[in-house]
Amino acid sequence: MDATSFVTFLSAALFVIGALGVLLRRSALLIFMSVELMLNAANLAFVTFAHRWGQLDGQVTVFFIMTIAAAEVAVGLALIVTIFRTKRSTSVDELAQLRG
Amino acid sequence: MMINSTDVVAVLPFISVALGSVGLLIADLLIPAERRHVTAWLAAALLLTAAVIALSLLGSPTFEAFGGMVISDPTAFFLDTLICTIGLVTILLTLRYNQVRGILRGEFYILLALSISGMTLVTHANNLLILLLGIELLSIPLYVLCGIARPRLESEESALKYFLTGAFASGFLVYGIALTYGASGTLSLQTAPAAPNVSGDPLLLIGIGLILVGLGFKVAAVPFHLWAPDTYEGAPTTVTAFMATATKVAGFAALLRVLHGGLPGMESTWQPLVAIIAAATMIVGNLAALAQQNLKRMLAYSSIAHAGYALVGVAAHDTTSVVFYLTGYAFTTLAAFAVITAIGSSEGEEMQFLEAYSGLGRQKPLLGAVLAIAMFSLIGIPPTVGFIGKYFVFQAAVAKGLVWLAVLGVLTSAMAAYYYLRVVMVAFIREGSAAAPLPTPSAPRNLAAAISVAAVFVLGVVPALLLSMIGNGMLSTTP
Amino acid sequence: MTMAEWALLVLLGALSLASALGLLLSRNAVYAALFLVLNFSVGAVIYLLFNAPFLAVTQVAVYAGAIMVLFVFVIMLLGAERLAPAENPPGLAYQRPLAIILAVALLAVAAWALLSGAQIEPSPSVAPRPDSSPQAMGMWLFGPYLLPLQVVALLLLAAMVGALVLSRKS
Amino acid sequence: MELFVASPILFPLLGILLNVLIGKKLGERGVGWLASTVVVASFAVSLALFAQVAGDSEHAAVHVKVLPWISAGPLQVSWGLLVDPLSSVMMLIVTGIGALIHIYSIGYMHGDPHFQRFFVYLNLFIASMLTLVMADNFLVLFVGWELVGLCSYLLIGFWFTELKNAAAGRKAFVVNRIGDVGFVLGILAIFVTFGSLDFAEVFKAVKAQGGALAAAAGVITLLLFIGATGKSAQIPLFVWLPDAMAGPTPVSALIHAATMVTAGIYMMTRAHALFELAPFTQQIVALVGALTALVAGTSALRQLDIKRVLAYSTVSQLGFMVAAAGLGAYVASMFHLLTHAFFKALLFLAAGSVIHGMGHDRHTDPQDMRNMGGLARRMPVTFAAFVIGGLALAGVPPLSGFFSKDEILLAAFTHQPLTFLLLGATAIVTALYVGRQLILVFLGEPRTASAAHAHESPAVMTAPLIALAVGAVLGGALNLPGGGWLHHWLEPLIAEQAKPLNLPLAAFFTALSVLALAVAGWMYRRPERAAREVARGVGLFLARAWRIDDAYAQVVVKPFYFISTVCAQVVDVGLVDGAVNGVGDVFRRLAQLVRGLQTGLVRNYGLVMLLGAVLVTAYFVVVR
C-alpha cells in the first residue's frame, strides 16, 4: 500500500463517520458538523487524487468546496438560530409536524 | 486567461441573470419598503429579458466555452428559456400571495434570481465542478426561501429539513465527484470515462453512483425523495410552486448533462439502474398521493411521481422526450399552484385541505376550470400536454426495449387518475362549505394561470412547436 | 516515502479517525466542535505532506478557524452545549443499528472500489509534481477557473443575503 | 376543403363558444336551440360528405390533414380526418340522433338550473365523438376516445348534488381507464410493429405482410379488445354502464346507448384487418360478446328501475355486436349498431318521457316501475313509441331489429355453435324482459298518484320520438338479407360474402320471440301483484347482475383487507361502496404503507438516503 491509497482509505472512513453522525446525532448543530466532516473527507480525497495525477485541478476544486462549505455554514447556522428562537431547541427529532 | 465573446455568449443567460440579481440588490436598497412590488416587477423584467436572450440563442450551433467547462447547445438554451419563464410566472403568483402573508420582501426576489442564475449554469455544465457550483448556487437561496415565512413553524421546519437533507446529499455529490476525479484525473464530463481502461473502473462507477445519489435528491427520485413532501408542504406556496417546477427542471438538466451529455459509451451500465429508480419513483409517488387530503402535499407526491415519468425518458436515453415532459409538467403544475395561491383567507391562513376547495367550481367557475384542466393534464388526458408528454417518454422506453417500464408507467398513470379526479370532484360536485373563503382577486395571478393553461393546451395540440426548439438531444461525444 | 514520513502519516491517520469518532460520540457540543477543529487541523498537515501548502493554510484559516469559531459561537449563543441523551421517538427505534449496518456496508463498497481501482492508476513516483505555490494557485484560479471563481462570488453573495433575511427583523 | 371536412367538429365547438360567452343573454330557449342548430348544421355537412363519397364511382374516401401534430423522428402524426363509407355512416348516426336528442333535451331539461352547462357538455360530446369516428390514425382516435369518456364522466355526474351520481361518474371514468390502459399499450404495440399510426399505412402493411404478422397481431388485437371491453361495456368491465344511468335520460340515450358505447365496436371494425390475422383473439371476442349478451340480458329481467332495464339491455345488445365482430361478421355488427342506435335511443327517450310525466310527486321515485302502471292511456304517443322500440328490440319482423339480429344469429349459426346457443338464448330473454317492462309500465291500473296524474310530454319531446320511431321501423330496409345496401356500401372496406335469408332460422326465432312475449304477458297478467314481489333466490341473483359487482368486492377487496389487517397497517376500515371504490380502497391501504415511510423525522430520511446510496453503489459493484 502506498501513501495515497492510505489517505484515500482514511477519507472514506471519515466520510462514513460523517454520514453516521448525520444519522445518529439529534442536534441540528451536530448533524451539520457531521456534514462538514463529510465535505472535509471529500477534500482529503481530492488532494490525494491531485497528488496521484500530478495535477492542480484537484487542489483548485478543494478551494471551491471550502467556499461552498462556508456559504452553507452561513445559511445553515442562521436557519438553526431562527428555528431555535421558535422552538427553544436544536433537536431535529422534535421537528415532525410535517409528515405523512 | 482572456474571456472572449464566445465565452460570454455561451453563458449569456446566466450572466444576465447573475448581473441582474446584483443590480436588483442595489435597486432594492433604493426602493421604499412600502413599494416592494416594484422590486418584484423589476425581477420579472429581468427574467423576461433573460428568457428572450436565451430564446434568441436557440438557433446557435453547439459549442464549448471557458476551456470546455461549459457547453452550449439548443437543449441548454431551451432549458434556460423554460427556467426563466417559470421564474417569471412564479413572480406573477407572488405579488398577491406574498403581500397577504407579509413576505413581499425585496430579498425574496433577489434570492429567486440568484437561484435561477444557478439553474441557468447547471443547464450548460460540461464539467463536474461547474455542475456542483450551479447546484449549490440554486440550492442555497432555496433553503432560505423555504424559511422566509418565519416565524411560522411549518416554514422553518420545511427549511431546516430541506437544508439538512440537502447538505447531506451535497456530501454524497461532492464525494462522488472526488472519486470520479480520482479514477479519471479530470472533471470534464466529456473525457472523464473516455480515458483508457477507465469506464469499468470501480472507483469511477462508485463515483458516478454517489453523484446519482446527489442528483436523485434534487429531482426527488425514490428513495431520495422523503424531504420533498415535508418541504413542499411547509414552504410558502409560491416557493413550493417554484421548487416543484424550476428546481425539478434544473435537477433533470444536471442528470441529463451527466448521463446523456457525458459518460459516452456507458449507457448500458446506468440504464437498468435508472429504470429501476424510475419504476420505484412512479409507484411510490402515486401510491402516497392517493392517501393525501392536503392538496399541496398531494401535489408534492404528484411531483415525485412525475419525476418518475421523466426518469423513464432518461432511462431510455431520449433527451427530447424528457425535456418535453418537463416543460409540460412545469406549466401544468404552475396552473395548479396558481389556484392554490388563490385560496386562502385574507389573514394569510392557507387553505390546503381538499375540503376548502368544495364548491370552488361553482363559485368561481374559471378558477375551478383552471384546477380541473391542470388535473386532467396531470392525469394525461388528451388534448392536454400531459398526454403527449407521457406518450413521448413511454414511446421512447418501448423503442429502447424497456417495455416493462412503459407498461408500469401506463398502469400507474391509470391509478393516478383516481386521486386527481377526486380534486375535480370536490371542486365541482360538492356543495361549497361555509368555511371556505372566496379567493382574493389578483390580476397578475390570473395572468399566470392564463399563461400556464394556454401552454397546457397549445403544447398539447401543437407539440411540434416545442420539439423543433429542444433540438435533437445533446452532444454526447467530443468531435 | 521514508519510514519517518510513514510513521507520521499513520499517526495523523489515527488522530484524524479518533477526532472524528470524538465528534460522533461526544456528549457536549463544544467538545464535538473542538474535535472537529482537531480533525481539520490534522487534515491541514496531511495537505502539506501532499504538496498542497496553499490549501493547508486555507484549511486552518477558513475551516478550522473562521467556520468552527462560528459554530462554537452559535453553540454558546443558544446555550446548546449540553446534549442530553433523550429517549428516541418510535420512528427512531431502529435508527442506530440500521445506520451502523448501512455505514459499514458503504465503507466496504468504498474500500473495495479503492482497492481494485488502485491497480490501474499511474504510480505517484511517475507523476510530476506541479508547482502548487500560492502564486501558481492564483494563476489557476484567475486563469482556467475564472468562471467558477465568479460563481462562488455569487454563491457567497447569496449566502450573505440569505443569512440577513433569516436573522433580520422583518 | 380541410375546413369543410372539419366543420362537423367545428360547429359544436362554435356552439360551445357562443353558449359560454353569450349564453346568459340568450336565455334557456336560446341556449337550447343554438346548441341544437349547430348539431343540425353538423348533420347537414355530414350528409353532404356522405353524398360526396356516395357520388364517387368507387366510394373513394375524403381524406384531409388539417394540422400537423407530432413530428418526432419516426413518429409522424397529424390531425387528419377521414370520411369513408364506414366513418360517414357513423357520422350520420352521431349527428342525426345527436340532433334529435338535443331538441328533445330542450323540453326534458326545461327549468334545470344548469341548463346552459348541460348543452355545453352535450355539444362537446358531439365534437369529441366526431373526432373519434373521423380520425385517420389511432392517436387522434384515442384523443376522441378519451374526450368522449370525459364528457360521459361530466354528464353522468351532472346532477352532482347527489353523491351517488358523482360516485357513478367516477366509477365510469376509472373503469374506462382500466380499459384505456389496454388501448394505449395496443397503440404503442402498433407503432412498434408498423412504425406508423396512420390507418392507411398500418392496414397497407397488414395487407402486404399478412400471416407473417400473426403473433404481433395477436398481441395488438388483444390489447385493443381490452380497450373495447371498457368503452363498450363488456365482461369484465361492464359494471359501470348500469350505474351510468344516474345521468339525465337524454345522456343515457345519446352516449350510453346510441353512440359512445359503440366506439369499441367501431374501433374493432376499423381495425378488422388486424383482427382477421388473429383467430385466437376473434374466438375470445365472440365468446366474451355472447356471454355478456346473456349475462346482461338475464339481469335485465329483474330490474325495477325503468332505465336500468334498458341499461342492461344495452349491455346485452352491445354483446351481440361484439360477438358479431368476433365472428367476422362486421357488416352485421355495424348493421345492428345502426338499428340499435335507432330503437334504443327511442326506448330511452320514451323512458325519459315517462319519467318526465311521472315527476310530480317528490316522494315517489319516478323511475321505479313499481310506481307506474296504466300509463298507456295517459301517454299514448310515448306508449306507441315504446311499443315500436320494444318490438324492434325483441326482433319482431318487419321492424329493424329483426333483420340485424337475424344476420348475427345466422353468422353464429354457421360459425360457432356455442356462440349461437348463447345468443339464441339471449334473443328469447330479450323478448321476455321487453314484455315485462311494457306491462309493468303501461298496462294495468295506475299504482300511485304520480302514475294516475301522469301526462303526455310536450311536442318538442314527442317529435323526436316520432322521428326515431320511423327509423326503428324502417331501419331494416338498409340491409335486407342477401346483400342489402349497407353491405354494398361498406364493400370497399369490408369484403364479406352476403348471406341470403335463412327462412327456417328466421321463422324459428320470430316464433320464439312472439312466444316469449306471450309468456311475459301471462306471467305478468296481474301487474299489481308482480310489482309487490320481492326478488329472492335466482331473482335476486339476476337483479344484482349475477353478483359481479359483489364478486369484485369479495375477490379483490376482502383478501386485501385480511392481508392489511395482518400487517397491522389498517386505518379506518370504511364501508366498501362497490367494487371500484373498493379497488380505490386497496390502493389506499397500500398508500398507508408508503406513507409509513414518511415519519417526519429528518434522521429517518437520512437513513433511507443512505440505504439508497448503498443500493446504488452495490448495483455498480454487481454490474461491473
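Lettered A, B, C and D in written order, each chain numbered from 1.
In this section, contacts are C-beta pairs under 8 Å (C-beta built on N, C-alpha and C of every residue); 3 or more make two chains touch, one makes a residue touch a chain.
Bear in mind the structure is a predicted one, so any value in this text is a computation, not a measurement.
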item	value
Chain pair bearing the highest count of C-beta contacts	A-C
Most distant chain from chain D by Cα centroid	C
Distance between chain centroids, defined by C-alpha means - chain C, chain D (Å)	68
Euclidean distance of C-alpha centroids - chain B vs chain C, Å	31
Centre-to-centre distance between chain D and chain A (centres being mean Cα positions), rounded to whole Å	62
Euclidean distance of C-alpha centroids - chain A vs chain C, Å	6
Contacts with 2+ other chains: residues of chain C	89, 91-92, 95, 99, 103, 106, 109-110, 112-114, 145, 148, 152, 155, 158-159, 162, 166
Shared-contact residues (touching 2 or more other chains) in chain B	129, 133, 136, 140, 143-144, 147, 150, 160-161, 164, 168, 179, 182, 202, 205-206, 229-230, 291
Residues of chain A engaged with two or more neighbouring chains	8, 15, 18-19, 22-24, 26, 31, 43, 48, 52-53, 55, 64, 68, 71-72, 75, 78-80, 82, 92-93, 95-100
Arrangement of touching chains [line / ring / star / complete / other]	complete
Contact footprint of chain B on chain C as seen in their complex	109-110, 112-114, 116-117, 120, 142-148, 150-152, 154-155, 157-159, 161-162, 164-166, 170
Contact set on chain A toward chain B in their complex	8, 11, 15, 18-19, 22, 28, 31-32, 35, 38-39, 41-43, 45-46, 48-49, 52-53, 55, 57-58, 61, 64-65, 68, 71-72, 75-76, 78-80, 82-83, 85-87, 92, 95, 97-100
In the complex with chain C, residue positions of chain B that touch it	1, 3, 7, 11, 18, 21-22, 25, 66-67, 69-70, 102-103, 105, 107, 110-111, 114-115, 117-118, 121, 129-130, 133-134, 136-137, 140-141, 143-144, 147-148, 150, 179, 182-183, 197-198, 201-206
Residue ranges of chain C in contact with chain A within the complex	1, 5-6, 9-10, 13, 16-17, 20-21, 23-24, 29, 32-33, 36, 39-40, 43, 46-47, 49-52, 54-55, 58-59, 62-63, 66-67, 70-71, 74-75, 77-78, 80, 83, 86, 88-89, 91-92, 95-96, 99-100, 103-104, 106-107, 110-111, 114-115, 118, 121-124, 127-130, 132, 136-137, 140-141, 145, 148, 152, 155-156, 158-160, 162-163, 166-167
Residue ranges of chain B touching chain A (in the complex, touch as defined)	129, 132-133, 136, 140, 143-144, 147, 150-151, 153-154, 156-161, 163-164, 167-168, 170-171, 174-175, 177-179, 181-182, 185-187, 229-231, 233-234, 291-292, 297
